[in-house]
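After this come two complexes, each holding subunit A, first together with subunit B and then together with subunit C.
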Partner chain A sequence: MIIQVKNLVKRYGDLVALDHLSFNVKEGEIVGLLGPNGSGKSTAIHCILSLLKYDKGDIEIFGKKMTPDAYDVKRDIGLVMQNVAVFDELTVYENINYFCGLYVRDRAERKRLVDEAIAFVELEAFKKFYPKKLSGGLLRRLNIACGIAHKPKLIILDEPTVAVDPQSRNKILEGIEHLNAQGATIVYTSHYMEEVEQICSRIVIIDKGRVIASGTKEELKAMITLGEKITVEVFTIEEDQLRVLREQPGIMSVDYVSKQLIIKSDKGNNNLEIVLEFLKANHIGFGRIYSELPTLNDVFLEITGKQLRD
Partner chain B sequence: MFIHVFIYRFKCLIRDRQMVFWTLLFPLLLATFFYMAFINLNSDETFRPIHAGVISNAAYQQDQSFRSVLTDVSKGEDRLFNLKVASSKEKADQWLKSNRIQGYYFISGKELHLTVKGSGMDQSIMKSFADQYRHDHIAVEDILQTNPLALNHGLMADVSNHQSFVKETSGGSAEPNNILNYFYSLIAMACLYGSFWGMKEIIDIQADLSDRAARINVAPIHKLNAFLAGSCAALVILFTEILILLAYLHFGLKINFGNRAGYVLLTAFIGSVLGLSFGAFVSAAVKKGEGVKTAILMAVSMGGSFLSGMMVMNMKYLVAEYVPLLAWINPVNLLTDAFYSLYYYDSLQRYALNMGMMCAFIVLFCAGTYQIVRRWNYASL
Partner chain C sequence: MPVFNLCLKIIRKNWISISIYLAIFLVISVLLSTNSAPKETHNFSQEKAKLVFISKDHTPLTEGFRKELAKSATFVKIPDNTEKLQDALFFRQATYILRIPKGFTENVLNGGSMQLEKTIVPNSAENAYVDLSVNQYWRLAKLYAKHEPQLSEKQLADKLSANFSHNTPIEMKAQIRAKTDQGFSMYYFNFLAYTLSAVLILGISTVMIVFNKNDLRRRNFCSPVHASSINSQMILANLLFAAISWVILVGFCFIFDSKNIMTPNMIYFLLNSAVFTLCISCISYLIGNLLGNLRNMSAVCNVVTLGPCFISGVFVPQQFLGETILKIARFTPTYWYVQANDEISQLTRFTWTDLSPVFYNIAVLIGFSLAFLALSLVVGKRKRLTDR
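Now for the complex of A and B:
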């Protein structure tokens, strides 16, 4: 087990930021901590790393109790913070070299690692740049390079893609998968379900400092009753007809807004067929039609009753 | 590891242009301004009496005390005024217009009035003479009402002894070693500005103050070691800046520090440590934003410099006389006074006392900073 968190409680005054949070991370996984803003993801990361004092709970990393002076544990961890944390007075190269030097003493070895990290985030052309001169996306990449240059076994990334253009974002996500393929275990926090769905092998959904569900994305989606969301372009439909449609087997809910008929159905196999037959039988004209599988947002919605993103 | 952090902290600090400006260029500029101001004042060697007038009306003739004070300060080698007595207001105005006098006094009723042309050093001296007279005059009347016998005990002699006071605030007649004090407190101010380096070190090591610091806190290094390495870098920079300032004052502006070069350097070093540890302590202890920390450091450095006579020489004496405690807890004053007593006294007693106080402060600041920095994890980030 790489990380084991048991019953972690963290209060800020009266606010309970983490409420008996428990989860674990196994070797080789990419675990996504998914939750809306303010759900306690960063707080959890900071507690795990012994940056924050916590009120209760046990935290083990690499099978050892995590404490502020557990140097042998810290040596194998890389952290990429939510906010860009670099020195404005140091160049791209110097920043990475400085942070890497806190882990790696040997200079030749360090040079190799720093060059590798720079190549990894594709900042070769910006080595001598000061952070103030970098665009948001490049800055994020520098921030990542500073956290991972020492080749840690465990990499924790706290929302590394916030405020990043789509191109840089994809680069970052690919990079994370690459690091994982090289053997690093990854903890990735985000409030973007698409990202988490894209790269994480296991997902822990957090809300109000509690784990509300966890598993692979397939497992999570299997947990909820929603099986399929069917959207049909319909030009006119009567109230009565809507009511009848709602009573069809397998149909959970029907909404008609701005000429779109949105039908949520359970996990049955022939839901689309039922809908189409109903429309034809009632001579209701329709245009485009498509069907979606549930997203993590639907999972979140069904469990908490609110949207993942506000 | 220590060397690694030292080198990189050194780079971080030395490349912070704003900080280098305030801790090095600003004191150098200020020194230059002081120098130019004093050069002008000193060009006349001694104080030049001011051409002042007074209207000799009936009220003036009756007001014996003012008359005697005014004539008193207008005679002798080091007189304050070249007094011209005008028979009428028209006459005085005419003199004023043709620049034969800088201003004139006149009494009407029981009030002392002053008319000046333009503004400048002479005019302000005339004004402060008038203010002082009014002030003392009221005091004298009060005293005489309650204790008429005071007159026999030399009260008038006390009161009419204005000359030295007015001339000293003007700065014009300042003796060479008075001018020195301005430069000494300037060096002291520069040392205290070093507190900003201390603040930077704290912000970059305390994870609840910056995210950069959080990175250091999760690295497998001893936090206090890293802090010590950074502080050493800051001290090297600050002490070098102070040495540059001293060199500029000594070789460039030919300011005299006496013959005790070793002690002067020691004082500069202790001053640097004092500034640095003060900044670190305040930044660690005050749980407010960088703006508030900066404001506090600025207020103490500038306020302390003011109270130790950097802007007005007399401040130092006034504080020493009326609020001696303030003089002893004002770090800028301790430093200024250490330099001053090195130059002024043969005995090192007063110097040692100042240095002792500074060392006590340093121990206090370092201990306080240690208590805060040694904690590893935080209640909130």
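Now for the complex of A and C:
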């Protein structure tokens, strides 16, 4: 086990930020901590890294208790923080070299690692640039390079794609998968469910400082009753017809908003066929039809009754 | 030592602004020190009158007399014209006009009462030396002429010259402290308080503020480098910067006041300023730990630098400051630093009794340094713990 968090409690006065939070991370996994803003993801990360004192609970990393003085454990951890944490006074190369230098003393080895990190985040052309001259996306890449240059076994990325353009975001996500393929275990926090779905092998959904669900994305989706969401472009439909549709077998809910008929149905039924037959039988004209499988947002919605981005 | 190297890099990055401060302060310091240093010295040295010597009597004795006068007067050449001579006196080109009438030597040697003609600027103290020389020379000439009448005028002039060649050695015994020629050094080292404070606070606080940024501090904290090692590397780099600044500033004093390099007073000036540098470094370390961002630093730097300098006698000597102000100033290290400089500038003897006030002031400075260092370490640790 790479990380084991047991019954972690952290209070800020009366506010309980982490409420008996427990989860673990196995070697080689990409574990996503998913939750809305303020759910306790960053607090959990800070507690895991001993950056924050916690009131109760146990944290073990690499099988050893994590404390502020656990320097042996820290040696194998790479941290990419939510805010870009680099020195404005140093160039791109110097920044990576400095942070790598905190872990690797040997100059030649460090130079090799720094060059690799620069190549990894594709900042070769910006080596001599100062951070203030870099765009938001490039800064984020520099931030990542500073955290991973020393080739850690465990990489913790705290919302590394906040305020990043789609192109840079894709590069960052590809990079994370690549790091994992090289053998690093990754803990990735985000409130972007698409990112978490895309790269994480296991997902821990957190809300109000508690783990409300965890598993692979398939396992999480299997937890909920929603099986399919069908959206049909319908130009006009009567209230009576909607009521009849709601009574069809396997249909969970029917809404008609902005000429969009949204039907949520149970798993395992041939719902699309039922809907289309109903529309034909009632001579209801329709346009485009979409069928979607449930997302993590649907999982979150069904468990908590609110949207991930509420 | 990555943290040590990084601190130096941050300082180097800010070197231009620090150098501008340094250059401006140096120019101001040198100008003010030069103008503020007392012009007159309080050691004994003979004043010389500006003398117009007109001799109508050309004899070996008048020639000998002229040579003798050169010891107590500076000769000024003005044409023997009444109007020009009066102008020379009016415009203080000359303070004494001495005219030897024709036949004066013969008259004096024969016991006559012919007198020298003198015109002087009233109330010129230096003219008294000329009067003394005149009286001494011609009285002695009269005496020789009376008792050794066989001597020729040439022999008489030689004897008088030999007589006046003897000097009485004078040893100054400083009953009260004599003022020495340490005026420039004292003023320069006093102004150094301002320059050093500004440069060190700017440099050291910048490093500390950069390192204390929350995210950077957290990132450093997550590394396997011990917190104590990070702290000691930072302190070491800051001390190196302080030492370099001190050497540069003191070096300029050596250039502008080279004659005092080898005096014992200079050793104590250096010791005092070195301890003060240490003290200001500790204050800068504390400010860096307290301040959250670089925007506030300039304002805080000005207040912390200028305030103590104004009330402690850096710009205005302490004797012109009110008692209440000085009482307040005692709570600042600058006061004790200036006090020590004043004491050092007046030192002519270096016994324990003379040096004890200097050492007392320096000891107070060391006390301040330790207090500020302890405070900044406590603040730093508290900040880290609060953050956690």
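Brief remarks on what is shown
As a working rule, the second predicted complex is superposed on the first by the 310 of 310 C-alpha atoms of A that agree within 3 Å, B and C clash if a C-alpha of one lies under 4 Å from a C-alpha of the other, contacts with A are read in each partner's own complex, and residues count from 1 in each chain.
The definition used in the following text is that a residue touches a chain if its C-beta (ideal position, glycine included) is under 8 Å from a C-beta of that chain, and two chains touch if they have at least 3 such contacts.
No experiment lies behind these values; they were computed from the predicted model shown.
By the document's definition of touching, both partners, subunit B and subunit C, reach A:53. In the superposition on chain A, A:141 makes contact with neither subunit B nor subunit C.
Judged by the document's definition of touching, subunit A residues 46, 49-53, 68, 71-72, 74-75, 77, 79, 81, 83-87, 89-90, 94, 98-99, 101-103, 146-147 lie at the interface with subunit B and also at the interface with subunit C. Those residues of subunit A lying in contact with subunit B across their complex are 12, 46, 49-53, 68-69, 71-72, 74-75, 77, 79, 81, 83-87, 89-90, 94, 98-99, 101-103, 105, 146-147. On the side of subunit A, the complex with subunit C involves touching residues 46, 49-53, 68, 71-72, 74-75, 77, 79, 81, 83-90, 94, 98-99, 101-103, 146-147.
Residue ranges of subunit B in contact with subunit A, taken from their complex: 1, 4-5, 8, 11-13, 15-16, 204, 207, 210-212, 214-222, 376-381.
Across the complex, subunit A is touched by residues 2, 6, 9-10, 13-14, 210, 213, 215-216, 218-227, 387-388 of subunit C.
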